[in-house]
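In the two assemblies presented below, chain A is common to both, partnered first by chain B and then by chain C.
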Partner chain A sequence: MISKARLLAGAAMLGLAAQDAPAAAQVSGDTIKIGLITDMSGMYADADGSGGAEAVRMAIEDFGGEVAGNKIEFVVADHQNKADIGAARVREWIDRDGVDMVIAGPNSSVGLAVAKIAADKKKPFIAIGSTSSRLTNEECTPFTIHYAYDTVSLSKGTGAAVVADGGKSWFFLTADYVFGASIEKDTRAVIAAKGGTVAGSIKHPLGASDFSSFLLQAQGSGADVLALANAGADTINAIKAADEFGVGQSMKLVAMNMYLTDVHALGLQVAKGLYMTDGWYWDLNDETRAWGKKFFDRTNKMPTLLQVADYSAVRTYLEAVKATGADDGETIVARMKATPVNDVFVKDGVIRPDGRMVHDMYLMQVKTPEESKYPWDYYKLVKVIPGEDAATSKAESRCTLWTNATQ
Partner chain B sequence: MATLFGVPLQALSGQLLLGLINGSFYAILSLGLAVIFGLLNIINFAHGAQYMMGAFVAWMLLNYAGVGYWPALLIAPVFVGLSGVLLERVLIARLYKLDHLYGLLLTFGVALIVQGLFRNHFGASGLPYAIPAELSGGHRLPFMFLPTYRGWVVVASLAVCLATWLAIEKTKLGAYLRAATENPALVQAFGVNVPLLLTLTYGFGVALAGFAGVLAAPVLSVNPNMGADIIIVVFAVVVIGGMGSILGAIVTGFGLGVVEGLVKVFYPEGSATVIFVIMALVLLVKPAGLFGRTA
Partner chain C sequence: MVDIASGSAAPARIPATGGASRDAAALHRAIFIGLAALLVVAPFALYPVFLMKVMCFALFAVAFNLLLGYGGLLSFGHAAYFGMASYAAAYAAKVWGFTPELAILLGTFVGGLLGLVFGALAIRRQGIYFSMITLALAQMAFFFCLQAPFTGGEDGIQGVPRGKLFGLIDLSDDRALYVFVAIVFLGALALVYRIIHSPFGQALKAIRDNEPRAISLGYRASQYKLAVFVLSASLAGLAGATKAFVFQLATLTDVHWSMSGEVVLMTLVGGMGTIFGPLVGALVTVTMQNYLAQFGAWVTIIQGVVFVVCVLLFRQGVVGLIAKFIRKPL
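And now, the complex of A and B:
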């Protein structure tokens, strides 16, 4: 009995020692474990999916597979576009598998659920493809970093440009979940501010395969602009049907959230002329082209905004681990917020107190088949939207982390 | 302008027509399911995957072999049908003596594998397939703009449904099939090759799915999930019509397309669920389905 008691006491002492020892490495378990939770098989799988996982691996390889003497491990899981599955998996990752940082691909419902868990467990959470602006607005947390873009940046870019171009009266075709609602709300605000009006809106189920009925109703509204407040396969199907029903003759079609892979899937003949806001494009400059080529060689596809942002976010995170030698959420997030991001994805990107990374966005127009000179030559740059103009301002923000801050 | 519940009648007629077009896909798909279930007692969960294969075979024929839409309309269903024949001979034929559930599990597994393979190879966002030149453009009807291709979809599927119904109800081969369903041992004793009959029936049902896939390729995104998206609805259609009832599947397919079209006008958020609500109601009132015979 005595020996058992001693053993227990010894173990307790060890535990205490491990906690208190100031000189011991601050990285728990001698590994840095990164988890990517994304859509690996559904309607958003091409925009992020296995390509996003490959981008994370590229970032880890840049570090030679280790950081500050710790091995880097990487896990990826499919949330199947279900918030409960995503949340359960992330909880398991953090509680059981010792995941240090979670990065999330598309689907805002999953993103919002995971953000709460990460905040609870004090782990950095980097949202890439979850677009809802709620992540860094009314539902901001000290541990959420919204890295790539959000519904505000999409609506400020595209919304303002289209109203300025004469599209005064709008009709929304909105995916019936949190992302669709967010982007419609944010775009309505932009339209109202620029003097436009909204003639109506329809909510369609996520993953609706036939859009003809909704399009006919939109056409009947007499609005100038049809805004597609959806993404992925929904956008593709809606644009295809709009082309078939000749909606483009009476209305200007605007895709509020489109990825390069969507344009690829549609083909330029159907997608030509569409306006869209993107946060990155592989053919912007020599640096982006070089990285795009490197990615293409591994995946046979040019990278989307989400995939390059996966890469950049993991690099930024690993830089913070390297600089601080720590892996606890508070230290890492503080370091990331204090350090501007400069890489192939963004120049002088700044992570604000609300967690939103502010960087330039690009208003693009899809090329016609004649204008496209080589494979994946899809976009014309219409305008660079400065980061400050594309993000929620402090006056508009409802994130108390930021509005109550002194800076 | 005349209105109904605040919706102009003109717009409503447009929506009815669109519902009929969507109903065409439901009708062909549920017809294939009903044929297979009626004669083989197999709940073919791979039907959606086979529909998707039809669209992909059409795409491959065009992009790898330069074969256009019209030949593909014939070749793709044959290809898909042959894959069905192979599946029946190698796997499904072993399950006839077991409970329905085994057939369901097997075909469900096959569907997941096939969808996964296509997703790995082609990605999830889909491939473009252009409307054939002869059918592009459209007609301005008094109440809406009808793309020629959509009109063609209704005509083609009505023709195929009618031909299938006639073949099963009015021909000698159909009589063998129906007899084999009732009492396979007796029909075999008369010298009819029942296993072959069942194989060909499954192949035919699957070919119908492939045909629907080719029809859908130009209007919907050709992507590996296209079958998974529609198959659950189609199962509901079959249940509402009455499992195994050929005519029931056709009529319910078109009918529910129209109902769904109307819901898209009055309450768009509900359009994904209305068919299941109807299914629940029908099962409560008439458990064998609208056209099913009570066992």
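And now, the complex of A and C:
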């Protein structure tokens, strides 16, 4: 009886699997299949999610759905922020469905897991939303390209820019886990190098609900800058609490990791005056505005860094396919690393041998409600952070692919 | 504890003696053989990694069901044993270069040891207090994993080498690994079956159904409860350690409280207190997670609806319902 139930369930799954079968049966050369694995339902769904999928579709439409005579197909899946689900899906995409390139949204544990699989199967893997710098250091592979940003670009870039802008004395409010600790460590190094000081730091547990005692300590420290080395809901809650305590009147508030959609969710009244580093903003110039509006018409939201990077990464990949007429991982990655990226996302972006895409970052300040003239008018550009300043140098790199290379 | 397992969701009873039990034993044997045959055929139709995942979760649910369905103890912290074992096995294989079988044994041992410590504390209280203590201890295990340097924090441990079984058989081939996982799975299932039908299992069921009476008959109820707790935690550890090899990773997902919730879901959907229920529950849940992934946000909603429908319409679970229908324990 029970085996009947299993058989029935099995048959149902066969039906589902059969939908994917035609693609698996085709030779990889007839279609270029792109897979996006991202968070569609959790806390990063706003920053990437369905908007990221739409951005990939926009890139494919730019090519008219065809590249070098091959049809472009696109699949997307929700990893639910679970590395095993993400890893299993990508494995199946490559093994059975003939996916040629994998692109991953937020969540570093998923990104690291997928990077290993893609390298095993020799497929290009473009990490967009993962912040872990391990992707291009200890865990670097010849097939990983880290496209948008990482903890180093957030901490080095922001640290240098804020110190140069007059924020000499710092206080850290750090989420008590690896991400928070590595951001704090990297930022401290930059502050020291640039002549700033750290007045103190305090750790808060992941998912803290009450920040009042932490913020009182921060205010009491007399530092110029309060850096929030945390992410997601913790950052949002800390900013709300800081607003209630009027921290912004005596200190510069710096969020080390935030997206445009977070500012949108907080509202300018609460977020005003906040400093943050972003890799892109829709209102930078005419080109970004045009693309932002195009994206807005399709999704009703302005694009975030992750979404524009999704678009740009797929374009760059497809350009490489077009130029080489090949779809094997080695040729494509070699071509991508050899060609500077120039599009709406970056100007003269370079993909280094360790897989890190080096491009300018921007120190932004959130506008006050009075300064904001139109919907989604949220950022003031404070400083452009040159790409080299925002990336690991070759001397610091722990990627043997690069440090052992002759170049 | 007793009230959690009894009531209208009472699991199917397994009589100890008489012709009915011989019938049931023959049926169970047939199901075992059918299951083994199915596992042989399945990889030709379905993706082997997916099947291995189903088996790992089925084993986890079977371990949990041993405690809930037969011990009447609702633990809300089973992810701790599953996840800790997963980390231990992944670390041992990646950093210390353990062979898969040794790493998995180590993981199982870690799960069991943690179960012994947590169980010894938790069984002192009953009902909801028991569940809350297991949840609290599991949360401590979660924060330990988040902080401890060897787990890699929120990044987890990736790229665990599958290695060579006994130094001979290369498990990096999906097919070889599949056979290995299938053997572990069937072996553990047979072990659980044996435990349930042993005198120990009978005493356990007596304690579940009426603890004061079992104590008055001379059974040391708390020792039985601790023993089943450790057994369940060890098997959960076995599942977690095996999973670390299937996916070559161990992450915080495995120790998160939602994983403890998921195993409750699997067991209840399949049928609490049935031998084969957790298998069906795991199959249903994992299939939903995997094949509904393209629907994005709908996965969790669909999962919730399935759970609600299940609780409202057939509280004995899928297999419990079938067992009731054919009037035989499954």
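Please note the rule applied: the second predicted complex is superposed on the first by the 308 of 407 C-alpha atoms of A that agree within 3 Å, B and C clash if a C-alpha of one lies under 4 Å from a C-alpha of the other, contacts with A are read in each partner's own complex, and residues count from 1 in each chain.
Just so it is clear, a contact is a pair of C-beta atoms (placed from the backbone, for glycine too) under 8 Å apart; a residue touches a chain by one contact, two chains touch by 3 or more.
Bear in mind that the values here come from a model prediction, so they are computed numbers and not experimental data.
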item: Which of chain B and chain C A:D176 touches, first, second, both or neither; value: both
item: Touched partner set for A:K301, first chain B, second chain C, both or neither; value: first
item: Which of chain B and chain C A:S212 touches, first, second, both or neither; value: first
item: First (chain B), second (chain C), both or neither touched by A:E92; value: second
item: Which of chain B and chain C A:G49 touches, first, second, both or neither; value: both
item: First, second, both or neither for A:T288, with chain B first and chain C second; value: neither
item: Contacts of A:S221 with chain B and chain C, given as first, second, both or neither; value: neither
item: First (chain B), second (chain C), both or neither touched by A:G232; value: first
item: Chain B versus chain C as contact partner of A:S41, first or second or both or neither; value: both
item: Doubly contacted chain A residues - partners chain C and chain B; value: 41, 45, 49, 176, 205
item: Chain A-facing residues of chain C, complex; value: 31, 34-35, 38, 42, 45-47, 49-50, 53, 143, 146-147, 152-156, 158-159, 243, 247-249, 251-254, 276, 279-280, 283-284, 287, 289-291, 293-300, 318-319, 322, 326, 330
item: Complex contact set, residues of chain A against chain C; value: 1-3, 5-7, 9-10, 12-14, 16-17, 40-41, 45, 49-50, 75-85, 87-89, 91-92, 95-96, 108-109, 112-113, 115-116, 132, 134, 139, 176-179, 205-206
item: In the complex with chain B, residue positions of chain A that touch it; value: 41-47, 49, 176, 202-205, 207-210, 212-214, 216-217, 220, 232-233, 236-237, 240-241, 244-246, 261-262, 264-267, 269-270, 301
item: Residues of chain B touching chain A in the complex; value: 8, 11, 14-15, 18-19, 21-22, 116, 119, 123-128, 130-131, 138, 144-145, 147, 149-150, 219-221, 223, 225-226, 229-230, 261, 264-265, 268-269, 271-272
